[in-house]
């Protein structure tokens, strides 16, 4: 079951460069585990913005929320989720 | 080069059911040709809306506009295009 | 799996009172079947608006889209879907 | 009398993890009391957001405001209330 | 129990001047009955707009919806309802 | 001459509980003086929000601005003013 | 007492060129009478839009609404009114 | 003096294909004359939309409005104008 | 050449009352010089808001930007500029 | 391949005047290098705002994101990118 998520990152001003870098490292690890395990199907950077569009393939809404709220940078992200269905014109 | 497009369809009230069906047929054909030729990578229905999210893989902005404006239902669609870049956390 | 949908109805000007009444009749039947079968858990009127909030319990995004696009008044509704997850404070 | 409320939480940057946890504990207690006493009928997490949709069943606007402003996290929530009425198609 | 409603009127283009005048007559009658019976406490014109702000005093959401949907011009109005509570600084 | 004002309060994070309480006290006094003198006709709490709708009866725009900017909490309020006129259906 | 109004014109599709021209003629006459009598202090075209910003000098909200609703093109205009007060830095 | 304009085209449903084509022909002629005479410096299509961004170089606001309102498709365009100034980092 | 500007002031929380007062003093001086020299034709307070509408008469966009960015409170203002043209109904 | 970018600058309150000046210096250098090398074709100040519109000529979305995220002030800018295509009426 597919969902499109747009995720915008906004760090608070008081975070040090080191804290940011450490979180970005954890984020990368978490993100790549999700990709290898198949829940995170695609992730793209929005050109010119600290934001991404991601496609998730999960079994339920609860699983998706658990995954999203598990992102190390979750407290600093604004996420909008769009449920996707099969398109009648899709050949896949 | 990837682009995300959200396409919302809005037919004018005066179109007959037959005209709509005919255009939907042409649309399917056009869409599937694009998918087979690789410019249209993914297309998903937005749940509950006459709209889709699509991912295009094209060589230039001009090629993308040519493709989008060639959709049979182009005059009845509102399209918003977002340019995508490789995400540093992507493993693909 | 639960989803909240807000559905706003907007009939085109050219529909006769009879056509509207006929569609509302079909809508009621369809809605009540969904309620009896358990996919439509709750439906409330938004006070002062030709709109409703509805809670759906379905197995997948595709099932939800099939249900929503099957409403007799679907062509005249603007629907926004929000995926819901279990709240940690919920006692149910 | 039913009301739908969307509640978005936004903690100020200066709150410590401990203060947040303490408030979330009080919030849970308060929320579950309301649920057991019947004023808070349903509460769901919005997938991917620190937000909930809740359905309240109260006797008056004043009672609802008293309940909402009594939430321990009320100062850090943005709440939008929608009054609901019985839907003509509802079988309940 | 008080509610503030903003009501914006938008007649479709095809209505004749006579039909509009007839509906405005019915509207006046309906509105003044509500005022005399106490459910419609205040009604003001928004300067420069075909719109009003109205204060309703009703016993329930269902009663309010029944009143609002009974306005002769209801099909041509966009209504937004805000539930009001007693203000702690009010001397009334 | 009547005006509707919506006033949303937003205290900055650095204000102490004591400062807030002191300002709320001054606010109450100021508000009740205005009510007793007739310039502030009505004030209601918006359910679930730190906001109010108020109706002012003043002789001029300048008088209204003087009154509004005199509120002790003025620096922490976002105010939107709507000029009101007599409604043709009003019986008052 | 001064008010700023932004007025956007939108003619319905069914109006003939002749009807539009006739209304524009009446509009000009009405507008210039208001200017000569001093209620309409300034009127400017918004560059690139069928819209104007106008400054009105009137004795009351009711007078302003009477003036605005008297514009021959009033049914085809969307008007937003902003009440103005003397600015402390103004030398006039 | 430079201005950026975004121009969105929206033809009414009743225009025939022939009328549209005729207007597009006149539009092209008008646009190219402006380009050759130097008032229209650049014009680009917005990818996926019946819209353009254009840069105008004119002597005054009045000249710009005269040019914009002279476009054959002006009645069917929504135009937003942004005045531009020299950027301190520009090397031109 | 006329421009309408709406200017909204928002001081950061860390500014002392003294710093604010000092800047308001400089602002007044700067504003009144502009008025005496004719570039600032009118300035009005928006009722209930820390904002103004101002009309500027300048020779070019660059001159207007230089004037606006020269306001002592410029770093704390959000400014929106609308270019104005002569209105065909204006008698001035 | 052309893109229009609107870039709005917003420095956090804690930056010193010196830090801001240093970053503006680096920004100028970076911007002028891009202009000399042809990727940044035009850059204009938006009148009255700390913002610019820029036109970029790049080979791909990835190149554009690399350029934009390389701006020294990138962490303090909100950027919106619009892909541009050749306009059929353009003579260039």
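For reference, chains read A, B, C, D, E, F, G, H, I and J in written order, and residue numbers begin at 1 within each chain.
Keep this in mind: a residue touches a chain if its C-beta (ideal position, glycine included) is under 8 Å from a C-beta of that chain, and two chains touch if they have at least 3 such contacts.
Since the model is a prediction, treat every value here as computed from it, not as a measurement.
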| item | value |
| --- | --- |
| Distance in touch steps, counted as few as possible, from chain B out to chain I | 2 |
| Result of counting contacting C-beta pairs for H-I and B-H, higher pair | H-I |
| CA centroid of chain D to CA centroid of chain H, Å | 50 |
| Centroid distance [mean C-alpha coordinates] between chain I and chain E, Å | 39 |
| Averaged-CA centre spacing for the pair chain G and chain C, given as whole angstrom | 43 |
| Overlap residues in chain A, where contacts from two or more other chains coincide | 2-3, 13, 45, 47, 61, 64-65, 81, 83-86 |
| Which pairs of chains touch, using the document's own definition | A-B, A-C, A-D, A-J, B-C, B-H, B-J, C-D, C-E, D-E, D-F, E-F, E-G, F-G, F-I, G-H, G-I, H-I, H-J, I-J |
| In the complex with chain B, residue positions of chain C that touch it | 3, 5, 12-14, 61, 64-65, 68-69, 78-81 |
| In the complex with chain J, residue positions of chain B that touch it | 1-3, 60-62, 64-66, 81, 83-86 |
| Of all residues in chain C, those that touch chain D in their complex | 2, 4, 27-28, 31-32, 35-36, 42-47, 52-53, 55, 82-92 |
| Footprint of chain C on chain B - complex, ascending | 13, 45, 47-49 |
